[in-house]
Structure formats: C-alpha cells, structure tokens
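Report on the structure given below.
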C-alpha cells in the first residue's frame, strides 16, 4: 500500500519547498510534484516536517523512591499526538549494577507497548570492570550514548575519575558521553542548609540549584571530555553559565553539543514562588527553571548554532507523587512533562516570534539530534529511503493547552493555559498515520519499534 | 543525453553515502544505486560533492589605477579546474556612479567568456537618490547583495550614515548587505605615518592594517545592521577581533555571517617580512595575513558554526602590476589569487588534519553560501532538480602547487610549494564535464551563465 | 590659624583608621592621635574622607541653543554641600574655534565666583593647525585632558581621522584624551526615523541612543587610542557594551579608564516612559538611563576595578529650558543634575548595600580621578602636605532628597524622593569649612581657585 | 637609635615622590624632607619601596617523600638579599591531622632562625569536627587564611563537599580560603596514561597538567566560594583559563584574587623539553610553566587589576631530590625556587618593558597582599607607624643571575643566566639593615618575628 502526503510545503533543516511525498510501506519512496498513491494525507495549507525526535525522556523509570507515572504506552501516545515520532529514553542500571540487564529490562517495559519508535541511552552510574566490559556489549546492542549524572549524590552521581574512565571508554567504543551537569556535592550541601533554615518548600529547590552550580559542572565535564579525547553532549542546558562554557569549548574547536529544554526556554523561576504548593512542586525539575536572562541566552544559542537540540526531559510524576516532598523539597520527585507539547510550544514561542526560522525549528526538534545520534537520514530527514516519520504541521491550528485535554497520564501540565498557534494535523510513524487531529484517534500501542544506532568510528 | 556519476561517495552538508547520480541535461535527475546513463563519469574511490561556490572574486576589475589581470575567461577556467563551479563577482560603479550601468558593464565583460556560472554583488560606494532608486532595479536584475567598503578612503569607502541608509534600503528590498570591514580613516593615517617613517615596503602594509582596525569596523558594521534591522555578511574575516564581534552579535540573536578566506586560514604575516620584495608584495591584500592565533580562531569558527563560508577574494595582479608600489606599499595593488586552489588547500589543511569533517568542508565551500545567497538548492546541493554542478573529488590525487602549472593568468601563486592531498578528478558544470584531471582539458569559455538570485522577503 | 578634625575614622582609598587631622592654612599638616589646633571640627561618630572630586560638570555652558542654568556659583555651592571639593568642568571652543580663547572665557566665568576648586578639560571639536598648536598652549596653562565628542553630529562631533590626529597630539604633549562615546551618525539617523514615525516624546530619546550605539563608539575610540599610542578615559560609561569594550582593552594591557555616572548606577530607562512629559524630559541626558542589567554591570565594574570613577555629568537645565523640546525629543537640552547628591546616593546604594567598601567609595569619588588627572596627592588624599580638602562624612545623617531643599539652581532633582543614609556633616576646602550641615551655612563664592594639572611624560 | 633613609624616591602603590624616611626602633617615625637620624642609609639615585612580601613559600616542608631543602634560615636570608622582608609560609598538618599541632611545629622550625618576618597559612586537607574546631583556634593564633589543595590526590587533595564545609567555616570565622586549583582526579588519570605510554620524563609533567585542568578547578573553587559566601584567593594562577574564570567572577561582583608567580610570568613550557633531564626536572612545579599566550594574559591581568599579587611558591628541592623522579615524572618533587629573585626579575621584565608602572610593581609585590592578608599598613606601606620594612631599590644595579652566587641553599636557579637591571641596595627589616649589596652582609638568623594577622569581620 502507498500513501501520498499531498499539497503541503516541505520544511527540512536546509530548505522549504512545495512537494508531495510518496510513502511505500515504512519508507519514503519519492518526493516530487503530483505524486499518486493509494491513500492521501491532506497537507494543503500546512507544513510537512520530519517527525519530532525527543532525545530525552524518562518513562516508567524508578527514581527517588517512586516510578515515573508516564508509561511507555501513554508517553508515546502523547508524543505522537504532539508530532513526535521517536523518543530516546534513559536506561538506569538496577541494583545488580548491570548495564545489559537494565537494557533488557527497558526493552521488556517498552516492547509491544510503544506507539512510536524508541532508542536508548544507558547510564553509567559508577565504575568497575564489569561496566567497562558491558559498555562494549551495550554498543553492540545499538546504543551509542552513555549518560553520566554529576548530580544526585549518593544515588546516580559519578566522580571525576569515573567520568574520565567512562569517557575514555566511550572514545574507544565510538560512543558519545552525555552529562547531566550540576555539581551534586554543592547541591547536597545547599539542600541541607536550606532545610536547616526551614526553607522546605519548592522555592528551596530553585535556591539549592543556582545557575552557577550547573555552569561549573558543564565546564568540568567539558574539560574531562577534552582530556579523554571524546565529543560531549550536555543535556538540559538551562542557563547562560552552562551555555557559555559550551561556547568556549566550541571556540577551541571541540565538539560539544547542548540541549535546552522547551520548559527552560519558556518558563521562569517565578513558578517556584507560587503560593500553591502543588503548582510549584509540579514544576520541580533539575535544573530548575531560570529567569529571563537565561531564556534569552538559550534562544540566541539555538539561532546561532551554539546550542543544537530542544528536548523535554519528560519525567512525569503525578501530583500525588510530588507530595512525597511535602516535608521537604529534596524529596519532591524531580521531573515534569512536556513530550506532548514540545513542538507546539517551541513553534509558537520560537517561530511565530521570529527567533527561529521554520528550518531551524526542524533542525532543533529532529534533524540535529538524528545526526548527533547517528541515525540520520533514517530519522530526521525527508529524503527517499528514510523512515516515513512525517508530521503534517498545521500553522493555523490553535489551541489552549489544558491538562484535561492531554494524552499524557499525569493530572497537570506545566504549560496549562498557554495558547499555541500550531499543532500536528497528522502524525505518520514509519508510514502509518498514528494520529490525526480532531478525529479521536488514539495512537496504537505496539506500533513502535526499537531503533538501534551504530557506533561512531572509534577515536 | 544523460550522464551518470558512478561509484562514488556522495558528501553533502548533512551526510555522506554511496550513490550514483543521474544527470539529464543540466540538472540532477536522480540519485540512487545502480543508475544508468549514456555516459559515465567514474567516481570510484572518490567523493562526489556539490561544485564549489566562491562568493568573492574580482575579475577584470579596475582598481588602484590598474585592472586585475585575471579575466573572466582565465579566472573561471582556473576555478573549474579546482572544483569550483560558480563564482560571485563584485560589480563596482564607474565614474557615472550608476549601479545599473556597472551591472551592464560586468555582464558585457563576462557574457560568452565564462567557463562556469556567475552571479553578482553590486557595490554601494556613496549615497544619493539615484543609488537609492537603482538598488531596486539591481534587485530586479537578480542581485540580492550589496557590498560596502569601510576602507579605501577617498575611493570606495562609505561613511556610517551612508551605510545606515544603504542597509535600511537593503532591508526594504530584501537584500543582504556585505561589508569589507576595516577602518579606512585609521588605515590612511597609519599609511601616512609609516611612509613618513620610511617604512615603505610591504611589511608596512601589514603594520598599517592591524587586526584591531578590522575588529573595530566589523563591530561597527554589526551595530549599524542591527539599527537598520537587516542581516549582515562580513567578507574576508581574518582575525579573532572580527570573529569575536560576529560571535557576540550572533549571541544576541542577530543574523550575521562571516567569511574567512583560505589564505587567512593557512598563510601568516611572516610572508610580508620576506626579503624578496616581489614575494611579499604578491601577498599584499586587505586584510593582510595574520599570525597563528588568528588562524586558530578562524578554523574553530568554521567548526563551531560561528563562521560559515570559505572564499578567496581572488583579485589577481601580476608581479609587474604589484611593482606599481615599489616606492610605497600604499600603491601596491591589493589582492592575491586563490580561486584555483581553494578546495585543495582547505581539504588538505582542514579535513586531513581533522579540523573539519568532509560534510563541513562541503558546507563551507558550497552549501552555506548557496543558502545565504538564496540560490539553494539550485546550487550547493546534490538533490534531484538541482543544477548538475558536481565535482568528483579524489582524496588520493596529490600534487604540489606550482604557478607554472596553473590555469590562472598570473605569474605566481601564494600557495607555491604547498602539497595538497586531494584534487578534482572531474568538474561538472550544469551537466557538462568541463574539466578532467590529467586529460589536458581546458574549460570552454562561454559555457557559464548568469544565475540571478531572488530577493529575500523584505523586512 | 590651625584646625583639627577630631575624633573621626579616616577612610582613604587604601585603609580606614582612627586619627585626627591637623590643618595649617590650606594644607594638611599632620595626621595622628590627639592633635590640637586653634579650632576643632567634630568628626566623632563619622568618617573623614578626602573631598569628593567630580571630574565631569558643565556649568554655564552654551549648548543646544541655550545655556546650562547651573552657574559656577550655584553649582559649586551645591557641590560643597554634598561633600565635593573640586570639579573639573568642560571648556567648549566658541565660534572662533580657539581653544585658548575658550579657556580664558571659562576662567572669566568662574574666577571669583566658585566656592570650591576647579580644573578644566578642553574640547577638541574639529581639526586644523591652529588647534594642533593651541593644544600645546592649553597644556602649558594646566590642562592635561582633551575631550572628544563622537556624538552631537553637526555640532561638537569629530570624525575618526580627527580623533586620531588629536589623540596623537595628546600622546606628544603628555595629555589624556577623553571621549563621549556614542555613534553620532547613527543617532542622527535614528532621531530622524523616530521623529518621522511620530515618536516625538522623551522615550524617543532613549530609543534613538541604544546601548549598542555607545558600545560601538567606545570600542572605536579604544582602537584609535591604541593606534595613536595613548591612554584613554571614557566618560559616562552607561552600559555593559561599553564596559565590555573597556575590559577587553584592559586585558590587552591597554590603559583605558571608564567613568560611570551615579545616575546610570541608580536610575533606569523606565523614567523616560513616565506619563508626565516634564518628568521624562528632565531626565533626558546622553547616554540615557539603562535597564537593570547595565546597572549591575557598572556596579561590578567598580568593585572589580575595570571601571574607576563615579561622576555626574552635571549639566543642568530648568524645566522651562527642557520644554524647548516639546515638539521633538531631539531638541530637549541634554543633561541632568547630580553634583549635590553624588556622594550621598553612591554611599546609600553602594556602600550600605555591600557592593562597595568605604575605601572603594573614596577611591571612585576622589582618589582615582586625582591620580588619573595627575593632581594626586595634592587632591584625593589624606596625607601631610595635601590640600586640606576634607569631608566629615556622617553615616547616620539621613535625609530624603528634595529639589525644594537643594542648593542647585534648578527646579527639580532626578533623585527626588530618594532616601539617603549619609551626608556631609562638614565640608572643608583648602582648610576652610565651607559647609556645615544644619547650620544654614552657604558656601562662599570666591573661595575656590583654579588647580592647574601638569602634563604626563610625553609618549 | 634612629636611622634615616636619605635621598631616594619613595615609590608606593599610589605615588612616587622624593622624601627621606626616619626610622625609630622598628617603626617608621616620619617621612619628609631633610630628616636627620643617628645613622644614614643612602638612597640617592634609588627608589625606596616597602619591603617585598612573598605570600607563598614552602620552607622545610615534608612533601612527596622528602623535605624541601630550603630552610627557614637559608630561605629568609635569600629573601632578604632579594628585597623581601616578609614571607607567608604554608603549614601542613602532620599524621595526627591536627592543625594546631602543625602550627606549633612550624613555629618550632622557624623561631629563632628566620632573618625576616613570617606569617602562616594553614592547610585544610580533609574534613572532620576536630578540624572544624581547630580552625577557630588557628584564627585566634593569628592565621586568617586556610589553604585547600584541589590536586595531589591521595595526599593533600580535598573534595568539593569538604571545600564547601571549610569555606563556610572560613566565612564564619572571618578567614580567607586559598586554593591550589588543579583537578587532581584528572591529573592522576593523565599521569597514569602517560606513564603507561612510556612518557616518563619531565615533559610528561607538563602534558599531564594542561591549562584546562587548572582553569576547571579555578572555576569550581570560585563557584564553591560563591555558594559559601566567602571571598577567595587563588594561588599560582598560571594560565588564561584560570585568569578568565577569575575575571568572570569579579565581573559578577565577587571578591576573588589571583596570584601569578614570577616564574609563570617569565618562563615557558619549552623548559620541560630540554634534553638535559636535570634541567627539566628542576623546573617541575605545579602548575607547570605555560606558553607565551598565557604569559601575556598574566601580565595584562596585573596591569588591569584582575590579578593582584606576584609570588614565588618557593618550594626548593636539590637536584639530588629531583632525581627521586628519574623513573617517572610523577615522583619528581614538585617545586622550584624564586624567593631571592622575584623582585629583580619582575622589575626587569615588567617595569623596564613598560608593562607595569613602578607603583604597580610595589602594589603586586607588597601592598596588595598586605591588604588582602589584613596586615596593612603595618606591612606593605611607607607611612608613619608602619613597620620599617624598607628596601632601597637600585635601578642601575645590574647582575646576571647565577646559582653560584645565590644565598638559597639549592644547587641551581631556574633564572640562571637572566640579566636583571635592578637589585636591592639595602634591605631593612623592622628598622634593621639586614642586607646591603656588595658588603658581604649575611642576614642574621633570628631577627625575624612572627606576624599574627587578625581575622576579618565574620560573614
């Protein structure tokens, strides 16, 4: 069976032009004028873009004494409805410390339940010979990225020598290290200090994780990557200090990439001072939201190319879960949602305002990360032979974001009340329309598959 | 008739992959495996890249009391042999001050003589209502860029208010202003000072145009573009000071592009201190070559994306012409060659050393400038429908650059003795093989055509 | 007759300590414990500091079709009451263009009328051989600074080559160039643009002089000073852009100094959007007030040492004079007051908040400028042999600033309503108490004298 | 008995002027013209400056399995002959971990043997409640500075949480934290790597401690000081990366000071590539010498005020001791001399070249550190009441530095062969001439005393 996406304006990272797309099976077969197929997806008056890739999600992940409420099924359905056709989720080793077992575990959770495609990052949360050995196995299993937490002391955090060892191993294996860059030691001390002072509410979360703490860790991770001779990808860059460290590295000729989140681009730290504890706690994530100065820095970085990817760090807990931290902010599970709203919010606040061109929008939501993760042009591109992950993006389809309307499983939305000016009209995942606006479609669990990613040439 | 470029690895700005290219007439008809055509161009063991675009040449241009020796015929032949399939040349108004007449004049010089395609930039060297009016005509004639000289006082130089007026007019017309950024006032003073001190040789040229003078003007042009609400393209960025000004602007969210020359990336100011006057004078160009620190800055900028294009400012005078400045460096005609060697030198010093990826090489020699000049993907891309401007780039074809071997008309080469590790095996211009290595081909004058460029949406 | 300042804590640029000061005639004779004299000035519970020096005033100056309302008599009385014991005022050449005649004219205005001491800066507002010659005469007459306006096109503005010529002449003479750094060309264009758009009110003043315009000119002046081989003093540094240019120069090893005004440190651009035209127009000065980000930059610069002096640019017009610009902001006479309030406002907003130490307060209000102007330690120091310019500074003497209470001649005060926590208890000028708080003293006109300043060693 | 220093030009941090100094006992009694005393020290044709203070020495210190060869007696004699009248030496806790016992131990080593005055910094090399308690005792004993090593893993190094704890304790006690800023984790890894690669010579020392490793740690220490709310003093700042981190902090308004060493200002990393192992090993210190770019940065920092103090880190091992590292550079005892030559080398390379003014020379060798260490103006000043630590500095007394001529106990000198243009003619310590050039004087052991330093106001 063939499908034609008809009458739209294709927008890719490098250009915009009018054309139809012919899909055969799961792949794009042709791009051109007046194509014909068995089935037609109407793109008239709309843009046609490569499906969004969210490289930073945490579904059904045990964390801080609970498990993220968003499941692989609900999360990927939400993603699809928002125009995202692939996620890359974080695999954390369990009590046995095995990377390979953890990877199996994540497959078990996802397989048969995901509506769109998935890939994995695997976390290195300590260092020993088993990990050293398993990293090679993990790479063979299609994972070319390893995550390192510089925060969450006593839990996920790794020390500098462990990072150096793991980064060096990445260099050998042709894998890319990722870092959550915040200084865990200092955060732990500041948490103690504010708790001791009786500042136990969510605002303590923001105060205990100032931009300086993130800037420091980013700078340190870059130095370690430089010493190990490996590129670096910095997740959730939220502030000028971290961005500045990245810029400095790039101006030395280093290959360092930075990933702002749509939340940090658009929401500010004032949220933590809301008198409603629930409101504030729902927004507790790390790094916390920052003030306007930092937002301006992130937007400029996307336009200038010093930052490359917009993700969500979707790590969604219910209000009930958030209340585990009622007695003290350090116990509020860290994480917010966003997977469903990333494209619409970024378009509205970025493209409509003139900060980003439509081509840049595609680059930062899809193409750049596909290239960085070595799955381009299978993903992130509109070219013959690519997976037919395609979104018909309607720039006139307005809505007001409401938790009540969302597919995400949780009971609130950090973008509640935000008016967006554009949405996905249709979302196509490997050739199948998995979501159409206004048609009560529900993305079907089980459609998604695992996308292995080849290693890079070893250093 | 159809042609197939067979057996190569295509390298574009976004990826590398094996495929054949089918050419029908002047256009790329298809890209894929096992394509067949009437004629085969062998690309086995080679890369296949979009033809180079040199956006900065001065052929047969009256300047400093003489005329550049390189003709449209010899220059475009040299370009073709080096893998460049399009140039954009600078049109200077003549004594009547008319932009439109100058444009006609340049067409007259080029038409029927060029071996590859050409476009124009038109210089705004003063300000009055005629210029204001003619700018619109020029845009209609397919020129979407206007050049402004901040140096060459008493000749081409414009004042700040004139730049503001012209930049504002560009904004209205959807045109892009270009600047030669050096402070002409201060250069004139420094020239007088060094001449008065008896420092009359070519080294005085370098001393009278320090990096600070370029950094200053770059910074000023950026501010004026900001005030006028228009993007800016800075030609021949040669130093960290100018690069830094560009970075700062980009980090404000401004659209500013910078163009290093292959000469500034690889040659240093020591050349001006050579005891052979001819050697030094042949390298006199503005801005002058800089020291190693600046070269490192430019290379990092290309990798980081803060600089986007590598050009040559090919403005070639013979040794005899250079000797017009025997009595004083200010009279040495400013300009060097490079058009023929740009790709080979950049590949050798950039890609072979690991500073740039092959994809980045394509981006900075072709794709980026095509996008900036609004002729993408007609030029700068390997996609069906694009002009078949294609180079079979052989990474094993070494040579030592020698003036004696070159197609360029002049009697020396600033890269004399440089060993390059790669060269064009075949150069294809709009479907025609115009040059093949080792086959005594001579690119045929008259093959090239004028490529008009549409305006951008007006501000 | 001898006087002892008794019981205070001396604060100088390098330390604080308890001591008495013995004054004999016009000079400090001794500093130590338990000194005795004919007369006692009570400093108990107070700091004793070198008298403030305001290096930037415009008294009785013809400008923009009128003359500043503040006279040498009223201005210096206001200064004395606020703890300032010396001003350096700007001499502008008249219609005959002669620097020497202008200097005589300013002497004529000031002699016999000033309450405190005075020095001159002389403006170079064009270039010719007479100016070149007269600059030497001016230096012999005790002026070691020349002012250059990069703004006020068509009036005071000089071009880059003129600046270079004058800066070079300064280098020969051992004089220091000063610049008002704003790009006059672009301001003139923006004024025209906003006026044409009907934005004729004071807010147009702010919009037509954005920080970029100041940053650009600062950067340019620095380059020119570098080329001429002379240090540079940048007056009224109001923004991060200008500050950044200064920092970059200093980090090259250049000698560049920056002078923020107390107004720019404490008032923001919101003032220009006040609905009361008079309120806004009274605050029209160049550069205009800036937003908070710039204020933070200036405060940090004072603490870091990258900015050195706090002045006022006291250039006071009455409301009636301001109304000359009712029809269009470009006609509003540029300038505000501040001379009377500089120390109190800076102490309150700087020292009380912990941004500056008391020693730094003394450095930036007195010692640093005395050193820069080559009159240290005659002025700016508490050492035996220095002029007895001494202020007993009472850190518990609060007041709310009110135009109704001021000595300044004008009918408003830009700090109206600001509560200050400290004031001068006594102001001593060359040994004479010229002002005492709460005693209805009026500084006596004629006490002040002219302080010639020797040239620096020539370059 | 009184002494008069006669006929010289006094140079202090703020000015130069001709005057005599009258010394009564250990103190300066008067400064003025034509003073008379029992004894005359001839300063004609010379400068008279406050005695140098070297805030960074390691005498008779157990380290890396041996003990620095320079004793308190030899080291302070060497210092005196070079114009230094006070050192501040580093106290390391012994095996019992007690700060107080270590302090007693250092007193035992120094008392009765030192030729000039001494103060202490005490190192915090771990964290526990005893240290927390003893820090208060140490402050009471006259030590207001605590040193923290971020390098020397497995020995002196502290972790981030320990630094935060100690810095916070400093804030409570009014003490100033000092850091040796290099990332010890990464250095240990790089040492292992280079040793494994067979790069066992001194050049491995330089390669294993690149500027990035120092820049990173400096940045981290600054962040921790910011979090703890305490100023910071960074010892031996050797590179642009560290300097840049300091500048950034100061531009946030933080109080951070940086101390380049005279070695880093003048010697470059080429020394480690000398074919003579001894030559290279004698220069092994941490951080290692850097290339020219970094030297330029440090000089500019001293002129700009972003760096404040020039020290030596005098930590002198004999060649025999250096040979402990013949089998591998990590075992070469880290440290060089310099105490005797600091002033002469800095004057020659700094003042004679025009990089620093004579006043800045005094500031960075004496006054600034006295202020930072809270012993000003007892030390670092030429004012009545100050300790009579005075150097008659003869700007015409040339010599070539030779280990054969030095007072330092070690058998080589890193400045061997350097020609200096100025030296101490006389060194006066608390009123006593302890050294005179060319008179075979030997500073007498036992003259020096301990100078306690009061705490700062607690935060």
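Per-chain numbering from 1; labels A, B, C and D assigned in written order.
By our rule, a contact is a pair of C-beta atoms (placed from the backbone, for glycine too) under 8 Å apart; a residue touches a chain by one contact, two chains touch by 3 or more.
Worth saying up front: this structure is predicted, and the values here are computed from it rather than measured.
Any chain that touches subunit A and also touches subunit B would be listed here, but there is none.
By residue number, more than half of the contact pairs of A-D reappear in one of the listed pairs B-C, A-B or C-D, namely B-C. We define each chain's centre as the mean of its Cα atoms; on that basis subunit B and subunit D are separated by 53 Å. Distance between subunit B and subunit C, defined via averaged C-alpha coordinates, is recorded as 50 Å. Chain geometry summary: the mean Cα position of subunit C and that of subunit D are 39 Å apart. Multi-chain contact residues of subunit B (touching two or more other chains): none found. If you draw each protein chain as a dot and join the dots that touch, you get one closed loop, with every dot joined to exactly two others.
Those residues of subunit A that touch subunit D in the complex are listed here as 159-161, 164-165, 183, 185-186, 188-190, 210, 212-213, 215-216, 219-220, 223-224, 226-227. Of all the residues in subunit D, the ones that touch subunit C in their complex are 13-15, 32, 247, 250-253, 255, 296-297, 299-301, 303-306, 355, 367, 371, 376-377, 381, 384.
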